[in-house]
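What follows is a group of structures, each given as structure tokens.
Here chain A shows up in two complexes: once beside chain B, once beside chain C.
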Partner chain A sequence: MSLLEVAGLQAGYETGQVLFGVDLSVEEDEVVSLLGRNGAGKTTTMHAIVGANVPTVLGGEIRFDGTDLRERRNYQISELGLSLVPEGRRCFRDLTVEENLRLAANHAEDPLSIDDVWDQFPELKDMHDRPSKNMSGGEQQMLAIARSLITNPQLILMDEPCEGLAPLIVRRIESIIKDINGKRDVSVLLVEQNVAVAMAVAERHYVIDEGEIVEELSTEQLRKDEALRQEYLGV
Partner chain B sequence: MSDRTSTINSNEVGVFTALQSVVGRYRVPIGALLLVFSVRPVVSMDLLLGYGAVANSILIWMLFAASFNILLGYTGLLSFGHAMFLGIGAYVTAIGLARFDSPFVLSALVALLVAGVVAYLIARLIAQKGEIYFAMLTLAFGTTAHFVANYDPGGLTGGTTGIAGGAVPAWIETERGLKYVSLGGFQFDWYFFVAAAVFVGLLCIWQLVRSPFGRTLVAIRENRDLARAMGINTYRYKVWAFTLSGVVAAYAGAILEVNEQGATLSLLTVQTSGDVILMTVLGGANYFFGPLAGAFVWLFAEDFLTDFETLVLPLEQFPLIRVDLSGVLSYWQFFLGLLFVVAVVVAPREGIWGLFRSVVKKAVDRIKSERDNA
Partner chain C sequence: MNEIPLPGSSSRSLSLAEAAIWSVLLLVTVLSAVTRPGLFVDQVLGGLVYGLILVLIALGLSIVLGLLGIVNFAHGALFMLGAYFSYQFMAVWGVSFWIALIAAPLVVGLVGVVIERGVLRYLYDEDPLNGLLATFGLSLMIGEATRAIWGGAPKSVAAPQILSKGMDLGITTVARIRLFTVLVAVIVIAAVYLLIERTDFGLSVRAGVLDREMAEFLGVNMNVRFISMFVLGATIAGLGGVLRGTAVGMDVAMDEQFIILAFVVVVVGGIGSLFGSVVAGLLIGGTAYLTPLYLSTLASITNIEAINVPGIGGLVPYLVMIVVLLVRPRGLFGQEGFLE
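And then the complex of A and B:
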């Protein structure tokens, strides 16, 4: 059985339905990407899984580690070992780096120690008492990932972690994702528009278009299939 | 570098930096301590009011506003019924003293307990409602509290007259209108008791907001959805924030009861709830000292502007110009309202305290850069 199993997911907002049957799965210790254009339904899929930001789930199944997530309240999902790194580097702006991390650790079942996190993110340790609003975009992104990691999750959902970052920082984020997966056996579901980032870190890729999964392929297949990239991703 | 600085040995530098870090870490309690004991000397200066009687109520209102800011500033909840808890604190204490002859400490403890239970039950009912519904429901509960006190159930609350006689603890002595505390053979000014009690209340709030609990409240205010996605049960935190804020308000109410020698119905009016919102926003909800600054400016301005009659320029001793302002300044609330509007338009969460901070910061930066250039 897969770690995360999404089957026939239909969801939408007051303004209309967005997802028309999304099927995807993430195995243990795997990095998977979900690719698609703006408005294809990537973020809605994420939010439907973690129950955040109210897309109404209209149908289908979401199972994590055997538990039906639709039965749970949104604040009860993270304790199962599922963590979200939201789009736009959302940190708690008035809290310091360390407070952001401790906040996450305090609400986790079996958190990592703060030293484990400092080992993974030495640059954050140097600015531990700085409010996160005074950090650069790349630093805030690292903090958002670190905040997920400290809860010691089995699966992290990342929503466009490299959006708007300088190429050098993008390389750093890529290596962090690989590290998290390699050293700590955390699975990652990565939502991306940037195909290069997805190919650099993920082994398997889903392509979503107009609220449906249209393709599932390996990195090798994605690299070769220029026509598909052109059609669904515009690159 | 001069010779003198280079002779300071590393040991002294170590002590200095250690001291600096202690001051940095405890700047809020140190500031609060300085504040509570300097309010009366400051307002008593001839340039300002020239008398210090108002300092007691300024301090108590500061604590009341700070308790309100646990909700507005830290949790992001707007309550239109916070006067209810100040009123419960004052009324229950007064009922204990006047109707049951119970000692002050016991009466006050019962008052805190009652306020806590009432706040908890109300919060359980309404904490999950959306912003505007939450505000309206607190308004409704606040009005209910006023109605109950006015109705005088069982002759306890005294209706419109409130509780006036016999509601002062035995250890308070009054001489020529001034109150003294006499405890265990010592006699000291009531002001020092108020200052110490308010300081303790402020310490509790400070400890609360810097604890993991308080940091979680800030997270909920900033981004409720993200907080929930992180596994925070926002409802439970809001309920406890509302409860604790109510308990601290009742604590302020118990002190206010002694200060005013009874409980009056005006404490429970919607206007009291409104005043505390205005003070907090005027002072700056973003900061610990914001509501304190707001309460100070509000109450000080009320007395200062109503006393102010003749503007003499340039100095009292050399009167070149005299302007009679008594007619205009009887509308002192207009000027305070103007200040409020300016504060909200310029920076809604910053207020007077935020403005003050940025001015001080700019001045410090300028001095530093000039010193570095020299």
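And then the complex of A and C:
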């Protein structure tokens, strides 16, 4: 059984249905990407999985480690070992770096120690008492990832963690994702528009278009299939 | 956006006009204190007590507004209930003041639970106007219920002996119940501050104010915190009611009288800032009590009786609000961008 199993997922907003049967799965200790253009349904899929206020899930199954997530409230996903690094980072802007991390640790079943996090993110330790609103985009992204990691999850959902960041920072985020997976055996489902980032960190890739998964392929296949990248991803 | 400096902040130099205003204020303060020391101390203490009562109400308003996004018009009714419950405990049932001081606010907290579970929780994700209308309706209902149960005539309770005596300061005599009010209010405000700023519970509440859904994704059950904070705000307002009722008595108009001023305090202090509410409460209490004294001092030294405007004290809070909002629409310590 897969760690995360999504089958026939349909979801939408007041303005209309967006997902028309998404099927995907993530195994233990695996990095998987979900690729697609703007508006293809990537973030909607993420939000449906974690039970966000929007979208409304209309049908299908979402199972995590055997638990039916549709039966769970959004504040009950973290205790199952599922964590979200959301689009736009959503660090608590008036809270310091350390408070952001402490909040996450306080509500986790079996959190990492803050020292474990400092080891992984030495740059965050140096600014531990800075309000997160006074950090750069890259630093905030690291904090958002660290905030997920400290909950000691089995799976992290990351929604475009490299969006709007400078190439050097993007390399750093890539290596963090590889580390999280390599050293801590955390699975990652990565939503990306940036195919290069996805190919650098993930082993398996789903391509979503108009609310449906249209392809599932390995990094090697994705690299070779220029026509597919052109058609669905515009690169 | 242009950064608007705080009044009195050190980042800019004092202009000539400001220097003149501050020196006149200082001069009038000294003159008033010297010519009528007894009255001066009375007014300072009166302003402090009044301001702190406003802070006790404004704290709950500010918490509920920041956390739930609801303008809780019924908050003044909870304050009034605190006073009437203490009347019920002490005058009707003959319970001691000290028990009523604890019990009456707790019963107000229970009323808070009923209001939150019965009405407010259905309004969290609705248009703020719905919350305002619903709580305004609640305030009318509680007001009329109070009139029906305890009658429209003003009521008073007897403070225990140790608090009912005056304390002789030489220049004036101060009622001990007022000093007790200051003491209790300061303890409560400090406790709320520590709860919000220094505890894990407070951390999760602050996170919930900033981004409720993200806090929930991290495992925070926000609903539990909403109820707790609403009940805490209701209990504190009830406590304010007990103190006010014991010191000066109660009537059914105290609801509206105080809720409006508490809103002024929240707006002047800056929405979402508890610290701002404390500062604004003291500012408004202080100016409301000192302005009449200052004007009468000015009138007596200049011999211009027209300066001594009768009833100016009631107008001052609104003048303060107008000035603050003109200079700084977000309020003294409000979030950047709020109302701007």
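Convention: the second predicted complex is superposed on the first by the 234 of 235 C-alpha atoms of A that agree within 3 Å, B and C clash if a C-alpha of one lies under 4 Å from a C-alpha of the other, contacts with A are read in each partner's own complex, and residues count from 1 in each chain.
Basically, a residue touches a chain if its C-beta (ideal position, glycine included) is under 8 Å from a C-beta of that chain, and two chains touch if they have at least 3 such contacts.
In this text, all values refer to a predicted model and were calculated from it rather than measured experimentally.
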Practice task
In the superposition on chain A, see if there is space for chain B and chain C together, and answer fit or clash.
Solution key: clash
Practice task
Considering only touches as defined above, state whether A:140 meets chain B (first), chain C (second), both or neither.
Solution key: neither
Exercise for the section: Using the touch definition from the top, say if A:152 reaches chain B (first), chain C (second), both or neither. Expected result: neither
Exercise for the section: Could you say whether A:33 touches chain B, chain C, both of them, or neither, answering first, second, both or neither? Expected result: neither
Exercise for the section: Report, in rising order, the residues of chain A that make contact with chain B in one complex and with chain C in the other. Expected result: 50, 52-53, 74-79, 83-84, 86, 90, 92-95, 99, 102-104, 106-108, 147, 151
Practice task
In the complex, go through chain C and note every residue touching chain A.
Solution key: 125, 200, 203-204, 206-207, 210-211, 213-222
Handout entry: Touching residues (chain side chain A, partner chain B) in the complex
Key = 50-53, 74-79, 83-84, 86, 90, 92-95, 99, 102-104, 106-108, 147, 151
Fill in the blank from the handout: chain A partner, complex, touching residues on chain B are 212, 215-216, 218-219, 222-223, 225-234
Completion exercise
Note: in the complex, chain A contacts chain C through residues 50, 52-53, 73-79, 83-84, 86, 90, 92-95, 99, 102-104, 106-108, 147, 151
